[in-house]
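Structures are listed in the sections that come next.
Below, chain A partners chain B and then partners chain C, in two separate complexes.
And now, the complex of A and B:
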């Protein structure tokens, strides 16, 4: 409400007259910028924390581009005198893991296959399950959901042995398909939870309108619900992709000889070296392996935050 | 044609019974409004008609067919929701054509129907926009259009105007009325807004606690409410109530309140054989109370002025009768009474209502 009695209130503006009258007294315009001690302290702490967490990454990168004699000379933090990308090439294509000397490359492509397929099925299964449990409720669907979520808290170590026995009896053991099924199963509870929570924010009337319009289970999912689920799909993809890419134990147990993920190969490279340890190659190999999740976060962090907070703001 | 016939309908959410033994018949081309406070079961009833709410007992017939177990899309109905429920990732055109595409209609037929509906609702310029680029009023027009393209005979409206501001509400209300005239379709319309109900409806079904309290045209619901709930829910300010005991004087009814006898010489009781001394409640609409006696105002009562309100076009005088608050609607020409002064009021006993104090039913 405009205060008409206030002399600062400019009546002429209301009438469309663009002439400004001077304001009478007191503060006006933008507040002055101030640098308080609190602000300074905040930045000091933030910068210190950033340095603390960045030092290992810095050491890794520097070590990976130094020749071995420079590393032997010590000085972890020093910049390389004669930088080389040789260790990266060795790590990628010719270092030995066990008896095979093909570098990380085969593992990298295995990991890509496992992650793409695993993410696709885990996210799709979670989306469909969450959709069904949000919109097509049946008697006991909440109980089924609770049991499913409980699955997210079961330590997977206790399932490895029984699962391995089941797999070997049905012929899935040691195959890419088997590994993808494992990742889908273990990813399902958390992706279902994500999607169900997201669908809670979708007005049920949207679903009702689609049913009156004659659409069925699959059409409503594909044409109405899925197109508006981009934020949560992105979150689920990032989450499961990181989990599957970083997985070691499942790949080791269920991957077999031909579909070992990158992490198991990296482990072999580092533990299986004889003689002098080539720190630069190890650092390069580790960095290559860690690069994928790092890049995912770098390029989709914004979407991740947006998806996590989706629904809290009117959208 | 498309009449709706609901027989012995029952709906429960777990142990909570929402509707029980509910019967409702809507004639072909009739505009019926379900009016009631929130939680009275009116939306549940509408959803049951649409097939979006599972029912526990009873039958629903639309257009002489038993659709009790039919899918919503197979019932020959279209529905408009309060929150618009437009598909957010589709353009207005795609929203309007969705049901037709699902039904697999030929493209030129879809285009014809979409353009006709858009024309009717004046949303043609927005056909390529997404819902988020529309105002509330435009969105609700699109939602109505989505119902129109389906060429059905029954429309169900679930509080379609509640999300809009007052001015738009009036505008769209008139438009809905006009559409009904033009299409001649059967409409069931849910609202908690009595003005909407009274202006739109051929018949109003006033609901409370899952029961239809009264179903009748606007005048009957307003002037001859079936019980105290209907009397108090419809009208603003609400009907005045005065407690008392029933008397019979010279063959006519009267009531004895704590300090006066109010004669009702021309009250048309629907219940015969009323015994004296029965606790009753007299109901009189604020605008039926006149500041003058005599003439058609064959009943009178005295009150004490409490507060005086001016609403510009009319005046409301709040007064007390035996300690019970009543409102009197007076015209602008009425003199301003002094607070605390005695007020002599007259009203036509034929316009009054008499309710049983215990059951609340009209006598």
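And now, the complex of A and C:
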């Protein structure tokens, strides 16, 4: 049974490394007991780095709960004297994005729909494609795979205009369905890669035995392959979910008046702030947009890291 | 029958690969040799659009920016990512928590990253204002308002987001290094810093190359971060090719120049990534051959 801590899981990381220590298991050995000057310096640097990575989030949250006069008085890093949730309410429900003044809420629900459906189809398509490529090898599947990976790498700018032409000619332009389709297509290379690498760790005898028993393509997939794929499904779901949620360019190009995702609306909100800028509302809106992937990240921990390493090492 | 179904299962992937990726790429390529304006036109004009592109001062600024940005961004991400990975790998307490913190910016979108850093580095009310308010009157950090320095402010934001990714990849590489060998070197009296400066980097070379390819692809695709953080300004001082192309497609209705720009972006990516990927596969082949 392939489990997520199997070194072979991160195929490209471990090829031929006998000394491999799993990333999630942590270091080889316990921390030394004695605290030397060197160790103290080590911790000082590590904590300083942690502060650097945390400060923008801290500033974002603090700004979002301060009244504007406190912000104008300076003191960006100080705690709020009279905290308020009003900026959050304005950001969520009434601030203007272009001519529409409904706040971020419509974008939030659009992003939820786009992400849930996009993840579902991208992961399903990746699982089926990876399965067909791994166990039912035939001529041409390697070429398809190579082109998929290439497609995941190229700048969007090289594909986006023809795609927009196709979209407008078949009436997908500006619809939620269109965004789901585009995310499915651009998610497919990496999900296929993840499943393909994962299936390499499945003993081929398992598949052969099922074939001998007379099981077919669909039955083997549903009854044997899919049940053992839980770990890679989780990794692929987390990876695609954060990717789709954080997308901006596809939402910008293919989102219509009523189907814009949250990132696009967020950017329009801040672009549209004229005159006296309400930094607290801006930062509340920014933080609300960042919250979903951040929560996914915090709750999924090692699965997210799996996704980063498995999804990064393309090909 | 079953291999028929299997073949059928690959149809969507093949359609995406050939229909969308190859098809759209070739279409863009063809359009770059035509006089397309708002709508595609198929009147062949040879290299005219490329000439127009390269004579545009806005494009020249964009290219210069992306080179400066790319060198600093990749260099600093590799340096900090490697150092952090080495430090985290010293059997420290709370490794999981530290890793979680370092990688956390990677969970945020580039739009969020850009907006937060634009606010944090806001010349009046941001870091500069804060430190001046504390009494450090002479403190000056207004890069975002300075056309010569704004691109470096973007570098800071991008490095903040990218370092964690490199750290994780490097850490995965370090975890593959033979611990016995490191111990033996220490017994032989080789100082630790020399081990990590000279001995370890060649061992984790595949991870370094992977990181460079990923970071370089991110550099060439740069768009969201610039849009959110500087909108290309002050003036056109932080324009980048990705933004130039998008604007010529959708705002300026100059599809000919935009497709030419997109083609140049793709060519740049291929020229940079191909040798690195080749080198990486050579290294892993050699290692497999020597049974490492």
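Just so we're on the same page, the second predicted complex is superposed on the first by the 268 of 315 C-alpha atoms of A that agree within 3 Å, B and C clash if a C-alpha of one lies under 4 Å from a C-alpha of the other, contacts with A are read in each partner's own complex, and residues count from 1 in each chain.
To be clear about the criterion, a residue touches a chain if its C-beta (ideal position, glycine included) is under 8 Å from a C-beta of that chain, and two chains touch if they have at least 3 such contacts.
None of these values were measured; they are calculated from a predicted model.
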Touching partner for A:133 - first (chain B), second (chain C), both, neither: second
Which superposed partner A:162 touches (first chain B, second chain C, both, neither): second
Contacts of A:227 with chain B and chain C, given as first, second, both or neither: first
First, second, both or neither for A:79, with chain B first and chain C second: neither
Touched partner set for A:213, first chain B, second chain C, both or neither: first
Touched partner set for A:304, first chain B, second chain C, both or neither: second
Comparing the two partners chain B and chain C, which touches a greater set of residues in chain A: C
First (chain B), second (chain C), both or neither touched by A:116: neither
Chain B versus chain C as contact partner of A:40, first or second or both or neither: neither
Which of chain B and chain C A:48 touches, first, second, both or neither: neither
Footprint overlap on chain A, where chain B in one structure and chain C in the other make contact: none
Chain C residues touching chain A - in the complex, by the definition given at the top: 1-3, 5-7, 9-10, 12-14, 16-18, 20-25, 27-28, 31, 40, 80, 84, 87-93, 95-96, 98-113, 115-117, 119-120, 122, 125-127, 129-130, 132-133, 160, 163-165, 168-169, 171-173, 175-180, 210, 214, 217, 220-221, 223-224, 227-228, 231, 242, 245-246, 249-250, 255, 258-259, 261-263, 265-266, 269, 273, 277, 284, 287-288, 291-292
Chain A residues touching chain C - in the complex, by the definition given at the top: 10, 13-17, 19-23, 26-32, 42-43, 45-46, 49-50, 52-57, 59-60, 63, 71-72, 74-77, 125, 128-129, 131-133, 136, 138, 140-141, 144, 147-148, 150-151, 153-163, 165-166, 185, 188, 192, 216-218, 242, 245-249, 253, 263, 266-267, 270-271, 279, 282-283, 286, 289-290, 293-294, 296-298, 301, 304-305, 308-309, 312-315
Chain B residues within the chain A interface of the complex: 47, 50-52, 71-73, 77-79, 81-83, 85-89, 98-99, 102-103, 143, 146, 150, 158
Chain A - residues contacting chain B, complex: 203, 205-206, 208-215, 219, 223-224, 227-228
